[in-house]
Every structure is written in structure tokens, then in C-alpha cells.
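Common to both upcoming complexes is subunit A, partnered first by subunit B, then by subunit C.
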Partner chain A sequence: MTPFSLVAPASVDEAVAALRSDAAAGILAGGTDLLLDLDEGRTRAERLVSLRRLPWRTLDWTGEALAIGSTLPLRELEDDPDVRRRLPGLWQAVRAVGSVALRHRATIGGNLGRAAPASDLIPVLLTLDAEIELVGPAGTRTLPVDRFVLASRRTALGPAELIRSVRIPAARASAYRWQRVRPANDISQLAVAVARVAADGGWRVAVGGIPPRATLLPDVAEALGRGRPTDAALRAAADRASRDVALVADRRASEEYRRRLVGTLLRRAVADGLGGGGPA
Partner chain B sequence: MTAAPATLRVNGATVALTPVPDDERLLDTLRWRLGLLGTKEGCRTGDCGACTVLVDGRSTLACLTLTHEIPGTEVLTIEAAGVDPDLERARAAFARASALQCGYCTPGFVLALTGMLKERGRDAPADELLDALQGNLCRCTGYAAIARAVAALRAEAP
Partner chain C sequence: MSVSFRPDAAAKLAGAAQYGTDLAAPGMLWGALVGAPVAHGRLRAVDLAPARALPGVVAVGSAELDALIPGGGRDADRPLFAVREIAYRNQPVAAVAAPTLAAARRAAAAVRVEVEGAPAVVDLETIFPEWPGSGAAGSPHVIAHVRARHGDVAAELRRAEHVVEETYRTPSVHQVALEPHACLATVGDGIWHVATSTQSPFGVREDVSSLLGIPEASIVVEGTWVGGGFGGKGSSLLEPFALLLARAAGRPVRLALDYRSEFELGRTTLPSVIRLTTGVTDGAIVARRVRLLLDVGSSLPGRDFATGYSIGFLLGPYRTPAFEVEGYGIRTNKPPFGPHRAPFAPQCVFAVESHLNEVARVAGLDPVEFKARHLWKEDDATPLGQRVLAFGLPAALEHARAVARRWRAEAAPGEGVGIGLGFWSTSTGAGGEVRLLLTPEAVTVEQGEREIGSGSVLRGLAAVAERALGLPADRIRIAYADTARAPFDSGVYGSRTTGALGRAILEAAESLQATLAKRIAGEGPVTLVVRDGELVVARAGRSSPVRELLRPDEVERGIVAAGRHYGRGGSIDEARVVDGTFYPYTDFTGAAHVAWVAVDPETGAVRVRRYAAFHDAGTVIDPATARAQIEGGIAMGLGIALTEEAIWSEDGRLTNPHLLDYRIPTLGEVPIPEVTFVEGFPGAGPFGAKGLGEPPIIPVPATVAAAVREASGAHVTELPLTPERVARALKLL
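Our next item is the complex of A and B:
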């Protein structure tokens, strides 16, 4: 690790100014991913801009819509009873991140900004049509999560831009299923997120845990049909998923294992996604 | 790189630290600056939980926390056993169940358990108490004795 200096601006303007004055500065939220990458030399920064003094540790429900401040620790998101009840897929995904102790510091903004292929949150946020609110030198803008996360460790975040909040437009019946060797502090061999769109009963399906990034699978969702899928539809969707998803072998799992896993996790997630959540 | 003074409360005492480098981890501040060697360094990558301490009552990985990121907070380490009632309860449960062998991981386990007692109350359900320990690795016990310690703690809950 190379030594770094730390600044903790007291306002958004000061934070943006600090990032403008040093294009190579790192952005520090909870630090659970960034500090590790700095230690292991995967990321280099001589200066970190800490977001800890910004007033973004917030969680706001407006009717069925949820806005999550980017520096809210994941443990606080998990402890919101409405998140558990109305967005069960998100609740399950948050619980899949690290451990209780890690989630006391890790944040949703950090998870998105670091854009690890193993992110547990990105696949679920894709199925929930989440939007990312950004603030930077030119003011604020909003991007759908699908256009924010570009590739492994790469996002659409511009120079001196910060993630201010994550917005989920509506409560949805949803579920998240993963497979990994160790339940905590490990990353998944594969993960599947599903959500049901209340308006038409149609499904959103995303796969995660594999490089380069989590992806929506519209053809698989289409194969599921609307509402409760028939056995035939479920089989067709599982076949489609294991055929379509570009899978790799690495030290966590073989390609063949992952190919079987996609269908299995899809079935489990759909069964759970039928169970509950969505508008109160 | 710069360094600045830092003020924390550690185990009930205010400690004013002379210039602490910006990139210093809480783990190193506790062990090498304050001599509190009960907090262990295991993996230093957030995988093993051996460095778990409480920051304002919440379990925290000291290896992934910058000292300057937690100014003015209350830090609790294993050295406060016998003083903090929740910590003492967790420690005693581990001792009675012989939930340790080499003992290296034990302070991390005990602090993770203590954190859950503070977060969810002394009558926290057993699944929450075990959930608190998922991020801690033990290479000796096979976890059976640790699970017995948690069950015993739960049985004596008020």
C-alpha cells in the first residue's frame, strides 16, 4: 500500500471541489472495499476524499418509492422493516453482503461506485429499475442503474461526481438467491435476482456474481410469462438462462457447475418471489 | 501523506492521540499506539473477524476502519471485559463452554457477540446471535463449542 492523505469535506460543494482539485483522488465511503484494494495494490490513490460528514445517511419512503442516501450503512437499510416487507429481494441481497460487522460500515453508494462483478446489490437494483442520483460540478443528474454500471469496476461516474442516492420507484415482490462456499465474507459463485412488476405481473430477472457485471435477462423473464409460471414456463426459462448467460470458470466454480446453478437459483428465486413483498 | 491528532474514547477513557497518519487503521492504533494487544490481526482483509471491536456499540472490523474516520466515537475492546456487562456476559459464556482452543480468534468472536447483545438486546434470539458470528473464522473448535456458548447465553437470558 502506498501512503495516502485523507480529507473529510463538510459539504457537498467542498467535496466536489476537493475531487476537482485532484482527479486521481479516491472516494471513501465505508471503506470496506476501497481500503482492501489499496492494501493489495489493485487501486492507487494518494488522497482520499471521505464522505462521512455529508448528510447522506438517509432512508426515505414516499408512498411506494424509496430513496436511499448513498452513505447509509447497509446494516441500517437491512433494519428498516419496510425494506424487508416491501422489497424482500433487496433485503436478502443486503444480508448477503459481508458480515454484520462489515455491514455496519459498508454503504450502498460504495457498493455501486466500486462496481465489483460480485456485487450482491447490483443484480437486485437492476430488477427494481433503480435510479442513481449523481451530483457533480455541473449539478445533478440521474441514471438508471443499467447505464451507471458499465463493466467490472467501471461506472458512468464523471470527474468529481459523487453518488448521492439510490432511488427505487416502487415496492416489488422480489427475491435474491446466491450460492457460495461460505455464507459470510465470501462472494457468490452465482446469484439470481427476480422481481415482479405490479402493473402487469411480468418478471424482471438478473444474474450476478460473474464478470464483467450483473445483467438483466429479458428473454428469461419473457419465458416466465406473467404471474405464477407454469412448470413448462419455469423449465423453459431455466433452460434459456443456462443457455444464454455467458459463464466463466474460475477458482470458485467451473463453468459447468455455474450452468446448472443458473436454473436452480432461478427456480428458487421465482418460488420465493411469488411469496411476498410489493405494495402494502 | 499527512498526520493529525485524533481523539477517541477507548474502554471508557478519553485518549488524545498525537499525530496519527491519515492512513492508519484502528487496528494499528489499538495494538501499537495504545498497547491493547487483545484485538488480534488475522487476515487484515476483512475475512476473518479476529479484529472485531465495537464502535459506538456496533461491531466493526478494525482492519478496514481508518482511525480518522471515527473521531469522537466510543471504542470497546476485549480489555473492557469485567467492566462492560454485555462484554462480560459474552466472555463468560465462551469460558464456561470452553468455546476456544488456541484463543487467537476469541476476542473477535466475543466482541461480535457483545455487539449483537447491544444491538438487539440481552434477549436477542439465538439466530441473530449466531448471525453476528458468521463473519468470524475459528480454525480450532469446529464451531460446536461456540454454538453451545451462544445457546447457554440464550438460555440464561432475562
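Our next item is the complex of A and C:
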């Protein structure tokens, strides 16, 4: 790893100023992904701005809606009983990230900002209609996840802009299912998130674990219908998903294995989202 | 329940134990290797000038050798640096040292390496798209050939009621010791000194002597604490380069691999293709034919250990009246093949066990009953005509069957219970020596091996000494010394340490007792006891404190008794060997394992729910250490079974040189195994002990594969059993 200098501003203004003074500086919000990239030479930064002193390690419920401060370690999200109860899909996705030790460092803001194609959180946040609150030189703005994550490792984050929080509206149901070679500390070969957020009981479906980024599948969601899908609707949705998703082969899985997984994981996630439980 | 701590636990927990990666010295430089940028090709030029232009940088390459080692007769077959031909990617072409690690890396990057790339030879099945016939031995890719036979296999297979032929594939696996290779070299006053994390200080001394062409007497190797070896630290890797740099710099040089380089340069097990053909008539094996293609990377011709030793495990442990076995060591553009805990046995045993399960299925027999009927028993002959000595595997299998019956009764749909058998032999290797030093307070075992983590030195040797001398643990000390001062030993490998050095301790203990017998009156055996806090020599009712039996000069220095153990036992029928070298077994050890797995019928994912292991370890010398070896071996074996696979690209590049994509098991994937020792079958070690470092890993992939098959019907013929491979075997894809 090439040496870098580290600053840890105590206020948002200082953090923004530090980033404005050095456009090439990296943002450190846990470091479980960034430091690996620096070590492997995939990313270069001579200066890192750490967000650890900012007052963003927060978890606020407003009724059924949740606001998560961007530097909240994932482990704290995982340990919150209300997250598990009200947003089980998010809870399952958080538990899928790395290992316990890693989740003590990793943050939700870091996960979104790094925008790894295999992020476990992005598919779930897509289905939950999550919004991202950004703060920067021009003040604050809010973007839906779908417009924030643009491509593999690419986001809508502007110069000297930071992720302040992630807001998740109330959800009626949510679930996340993944498949990996090794259950812990691995990257998903494929993942499926489902949620019912709309008042009319409609589904949202997203697929993750495949480059370039996690994607919402509105046609698949449409095929599921409203509320509890019939077996025929579920089959149609699974077929549609394995047909529609642009799958690729890489060193983690072949295209045909991923195709097989799409339908399987979708069925399991929907069953879980309906409260039927089902295997992980 | 009493809790005991290993003698090294406190220092390791407190961070006080100095590993190879902790090595440092005043004025030290940091070294770095410059590797070939292609896996195959011609090396046109290496220009060190840009590196030397950087401040404080020392650089050495082939051209500097003559000046650094005047008259040094370097090993022409094993050039330190690539000279003309590049044999594998990252093969060292030069080495640099600089005042900081970052500066050393910059200097390494500054060296200009000019190459003319050539297509790399990487994949066994590209080299031999058709299964090689007997003419393959003449192929330029074949650098080792072994062959043995007995009986008329072709005729037996023609007559057999059932003949099953199958091909198995196994990948490259890495040792993944927690600590990468690391050493610190200092050259001065005619002494080439290297402190290093090694399984074999004397082996490193011999290697360095041969590679650099300097006498062993001028070389001192000092072992550090070793953060795991598993075969990967059995011979020299970085030491010759560090010594050359230290010589050139006139200052100490530290050279260590980062983990990526550890994957890329480490000596690992490479891929194989194994073809097995078995004939069965009336439920009995009549013949087996075995063909092995083993990727040996850029290993050198004539080194047929890999094929000769491995192939022994394709021959047993089942009675086979007629057999024919042929193995090819095939050179590819990868680093040289290296040993990995029980070199290549888990892979061979996976193939043989899975194959016999398939043979039994085709013949309409119960696989375990079929194996039990053919399993070697004491006094049977092996296919190579060696008499089987005390062998606890049949007894271990009976235990395993009982557990499997209980687990099967509890298993849910989609779950299965499998049994796998593995055998091994304690290697006494090239032997070793110890000295026992008796002082008024304690007996010290002076020897030349560092503890590599298994406990074989600090607990194994101590337990032998305790038992041989009848003394409590706090009166036995284990002392380590470097190669200039310690008695010789060949290394901590081959499950041999407690066995071979333990035998040497027994001999030294006898000698010590004989010396003491001359100094105390009376008849009968002499024993040492602790009385009122001091060591006392007792004989037939008389006793005398050790202090009083020593001459004044000895009270300070102590008295010394030496012991040694060399040689291996057993012999094979050489008439059955056609080509190459096959090895007899010193003793016969083995284990029966049982796995209970759940297989996801839609994704192919395998989860190991419970695991039991029954080990013939001869006489167990130190139960806690022995149990830990079995638990660790099973964890490592589960990696080979389920997730571990180093993948080489067509151009000879390792595509997953990091721990994210080279997946060792996490504790979440490893159930705590239920471990049982099957005693009463003595081996070649002290008090009838058998080596236990390697056996626990051997049956694991076979056992898991058997359980997966029982759970799901998936017959997987390639390791590891990833979800996708299992899904393919289930015809889901």
C-alpha cells in the first residue's frame, strides 16, 4: 500500500472543506472496501478524509420509517431489534456483508458510496424505495438509490459531496436471498431482494451480485401481481426474471448457474416476504 | 475438567513470540524480488541501473553472482534467477534492497525487464487432449514417470463381471499459513546467517549451500517461531536472495512476501487428472488400473517424489489382486510443485473412495460393506508386496459405521451421512538427533526444530521425555538452537517430528540412565524423581540428589546424553516396479471419518452439519495436542472439499491470489468434530506412536463427497464441491 495522509474532521463543514481542497482525496467511512482497493493498487489516494468523527452514527425511527446515519456501523443496524422486525430484508442483507468483525467497521454510507457491483445492501435499498440524503458545498439534496448508484463503482456523488443518511419508508414486507461459494466472507454469485412498499400491496424486485450494478426488475414485480402471488404468477415471474436479467459469467459463477439461481432465489424471497420463512 | 495451556500460548497471546514477519535488525534494508512479467518466454535483458539510481538501493541479478560468491559453484540445474528461459510468471529475475519497504518496491518496479513472451503451457488437458498412451513418457512435457504393475490387469478387466472407468480432477490448493514466508539475512566474518520462518532449518542450510555454492559450515540458519507451515515452508524460498542482498549491501536485509506474492510464489499442490478403472466379479475387486497426470509446474526433471509418493495413495488401502499404475509428472509454466499437508493424499483418496462408491453402486453392493470386505488387515500384502503392519483402520471403520447408523436415523430429507477412509504412514525421513542435558533442576531436550504451531516440538517431544524419564512436565524443558549449535534434524514435516525425534529422545534417555547407573550403587533400573523440589536419582531403595552425583564442573554445565534416530522401515517388492521410485510405508496409520451434510436440492449448496473422526494414532502421546491436530486437519480438509481452488489463467497468471476468492473455510463452515482415538495398533514412534500431523486432512474430501452423494444423489468427480459443481452433478444446469 502506498502511504497516505489521514484527516478526521470534526464537523461537516470541515469535512466538505477538506474534500474541496483536494479533489483526489478518498472518503473513509469504515474502509473495509477502500483499503483493500488501495492495497491492491486499484484505487490511488494520497489523502483520506475519515468521517468517523461526524455525528452520523445514528438510527432514528419515525413511526415505521427509518433514517440511518451514513457512518453507523452495520453491526449496530444488525443488532437493532426493530430493524429485524420491521425491515427483515434489510436485516438479512446486512447480515450477509462480510463477517461480524467486518460489520463492526463497515458502514451503510461506505457501502453505497463505494457502489460495488456485488453490494448486498443496494438491491434491498432499491426495493425499499430508500432515499439518500447528500450534503455538499451547495447544501443538501436527496436522491433515490436508483439514481444515486449509476454503474459499477460509479455514483451521482458530486465533488466534495458526502452521504449523510439513508431514509427508508415503511415497508409491508421485505426479504433478501443470496447464493455464494462460501456462506461467510464471500461475494454473492447472485442475490434477489423483494419488498412490498406500496399501499396497494405491489411488489418490488431487485437482483444483485452481477455486474455492473444491482437492478430493479419492474416487469418481474408486475408478474407477481398484488399481495400473495398464485403459483402460476410466481412461476411466470421466475421465468421472466431468468429471461430478462442480463447475466454474465465471471470467476464466481457461470451464466447458466446464475440463471438457475434467479428463479430459485426469487421464489424463496417471495415466500419469506409473505411470512412463510423458508430456507436461507 | 482441568485446563492446560500449551507452553507457547502465553508468549503468542501476548504478542511476545517473534515470528519471521517480526524480524528486524538495526541498519536493516528491506528486500523485494523482481519477477518475470510473463509465464513463459525468453529473458532478453535485465537492466538494474534505473533501480540503482534510486537512493540507498542495492540490486543483484545473475550478472552479480560471480562477484558476490567468488568461485561459488552455483547449481546449474537450479539457477537462482531466471537466466534465458522464463519458466513461470513472477519467477525471480533480480532482487533489490532499500531503506524502506516502499522504496524497495519502487526499486523493484524500476528494474527494466525485457522479455520475448511465448505461449504458456498451463492446462494438463490441453497438453494431452487425448488420454496419453505409453508413448507419453517421451513427451518433452513429461519430466517424471512412474509405473508399477502386478498380475495381468488387461485380462482380468476383460473377464470381470463389472468394469467401471472414471476420471477425477483436482485443482491447485495453497497451504494458506497465516504467516507468509519471511527471513532476515546477515553476512559477515565469513558467516552467512539467516533467521527464517521454516519447517526445516537444516534443510534450508543444505538448500542455500547448494544454490549459492558455499559450504554448509559457513551457513547458519536460525529458525523463528513459525506461523504455520503445512508443507509450504519445508525448503528454502527467500533465504538465498536475502543472503545475496545482505552480502551485496554489507547490511542485514529483511525479505518477506506479502500475501499476494505468497499465493503467487509459494510452492503449492498443482492440478491433477486421475483415471481409475476397476473390475469386480462376484462382489470382489479383481483388478485396478490407475493413471495419473500430475501438474508439477516448473519442477525439475528427475524429481519424481510428487508422482511416486502420491501414487502410493491410489493403490490402497484395499486388497487388489492385479493392478497397474502409471503416473506422469507434467511440466507446466507454473511455480514448482510443493508439498501441502499430506502431499496430494486428500486428492488421491477423494478419487479412490468416490470411485469405489461408484463401483459398488454399479455392482449392486453397499459401498461401505464393499470397502470393509477389501480393507487391508495386518499381515495382508499391499499391491507393491509390502506386509501390512499393525493397522487400526478396520477397527476405525467399525466405529464410523456405528456413528453413521445413528446419524442416518436422525437425518432429515435432503441430508446424508457419508463415510470416508484414508491411510498414511509416519515418515521418519532422513532422521534426526537430540541431546538431553541433565542439571540439578531439570532435563532439557536440546534440538534444532522450532515449533511450527502443531505442538509436535513443544508438547510432543516434551511428552515423550516426560514419559521416558518419568518426570512431570515442569521438569522437562525444550531448548532450541540454530544450525551451528543444535544436533541435526531433517525437519518438521511428514508427521515425523514426535516419532523420529521422540525415538532419539528414548535413545538419549537410556544413555542418560546408563551414565547415572555408574554413579549410584545398587542394582536394577535407575529412575529420576522429584523430591522436596529437587531432582533425585533413585535405584532399588537408594536415592541421591542429582546435585550430589554431578562433578563440580557438571553442576554448572550439566551432563549430556545424545540420541539419534535414522532410517525408515518396510520394503516393497521391487520386481513390481517398472519405472520410477515407489516408497514403502514405515508404519500404517489411518482414519475413518463420518460427515453429515445437508444439500440444497435447488442450488447445490452443501452444509456440513456434523463430523466425526476415528483415528488410529498408535499410542497417543499427548491427547490434547493430538486432538487439536485432528480438528485442524479436518477444518483444512473441508476447505479442499468445498471451496479451495487456485485458478490459473491460460497465460499462466494466478487469477485469485487473495483470501477473498481463494476461500478457506471460516469457523461458520466447520462443525466441531467429534474425535476418537482407536488405540492398540502400535506404530514406529516412541511407545508405539504414529504420526498425526497429516492423517486428519486425508479422508475429508472423500467423506464429504460420499455424504453429498447420499444426501442428494450428486456424484461429483471434481474438487472442490462448490454449489455450482454439485448443481451440475444434480443436472440442474
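Note that in this section the second predicted complex is superposed on the first by the 272 of 280 C-alpha atoms of A that agree within 3 Å, B and C clash if a C-alpha of one lies under 4 Å from a C-alpha of the other, contacts with A are read in each partner's own complex, and residues count from 1 in each chain.
What we mean here is this: contacts are C-beta pairs under 8 Å (C-beta built on N, C-alpha and C of every residue); 3 or more make two chains touch, one makes a residue touch a chain.
Fair warning: this is a prediction, and the values are worked out from it, not measured in the lab.
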**Study point:** Fit or clash between subunit C and subunit B when superposed on subunit A
**Key:** clash
**Study point:** Touched partner set for A:Ile187, first subunit B, second subunit C, both or neither
**Key:** second
Exercise for review: Check whether A:Ser254 is in contact with subunit B, with subunit C, with both or with neither, and answer first, second, both or neither.
Suggested key: second
Exercise for review: Could you tell me if A:Ser11 is touching subunit B, subunit C, both of them or neither one (first, second, both, neither)?
Suggested key: neither
Review point. In the superposed arrangement, which partner chain does A:Thr264 touch: subunit B (first), subunit C (second), both, or neither?
Key: second
Practice item. Could you tell me if A:Thr142 is touching subunit B, subunit C, both of them or neither one (first, second, both, neither)? Key: neither
Practice item. Classify the contacts of A:Pro3 with the two partner chains as first (subunit B alone), second (subunit C alone), both, or neither. Key: both
Exercise for review: Give one of first, second, both or neither to describe whether A:Ser99 is in contact with subunit B, with subunit C, with both, or with none.
Suggested key: both
Check your understanding: Touching A:Gln179, do we find subunit B (first), subunit C (second), both, or neither?
Key -> second
Point to revise | subunit B versus subunit C as contact partner of A:Thr32, first or second or both or neither | key: first
Revision key, fill the gap. Dual-contact residues of subunit A (subunit B, subunit C) 3, 40, 99, 183-185
Review point. Which bits of subunit B are touching subunit A when the two form their complex?
Key: 1-2, 21-23, 25, 44-49, 52, 55, 58-61, 64-66, 68-69, 112, 115-116, 131-132, 134-136
Check your understanding: Hey, which residues of subunit A end up touching subunit B in the complex?
Key -> 1, 3-6, 8, 28, 31-32, 35-36, 39-40, 46, 48, 50, 52, 75, 98-102, 104-105, 183-185
Review point. Can you name the residues of subunit A that touch subunit C in the complex?
Key: 2-3, 40, 99, 179-187, 189, 251-254, 256-257, 260-261, 264, 279
Exercise for review: Can you check the complex and tell me which residues of subunit C touch subunit A?
Suggested key: 102, 260, 600, 602-603, 605, 607, 642-643, 647, 655-656, 658, 660-661, 663, 665-666, 668-669, 722-724, 727, 732-733
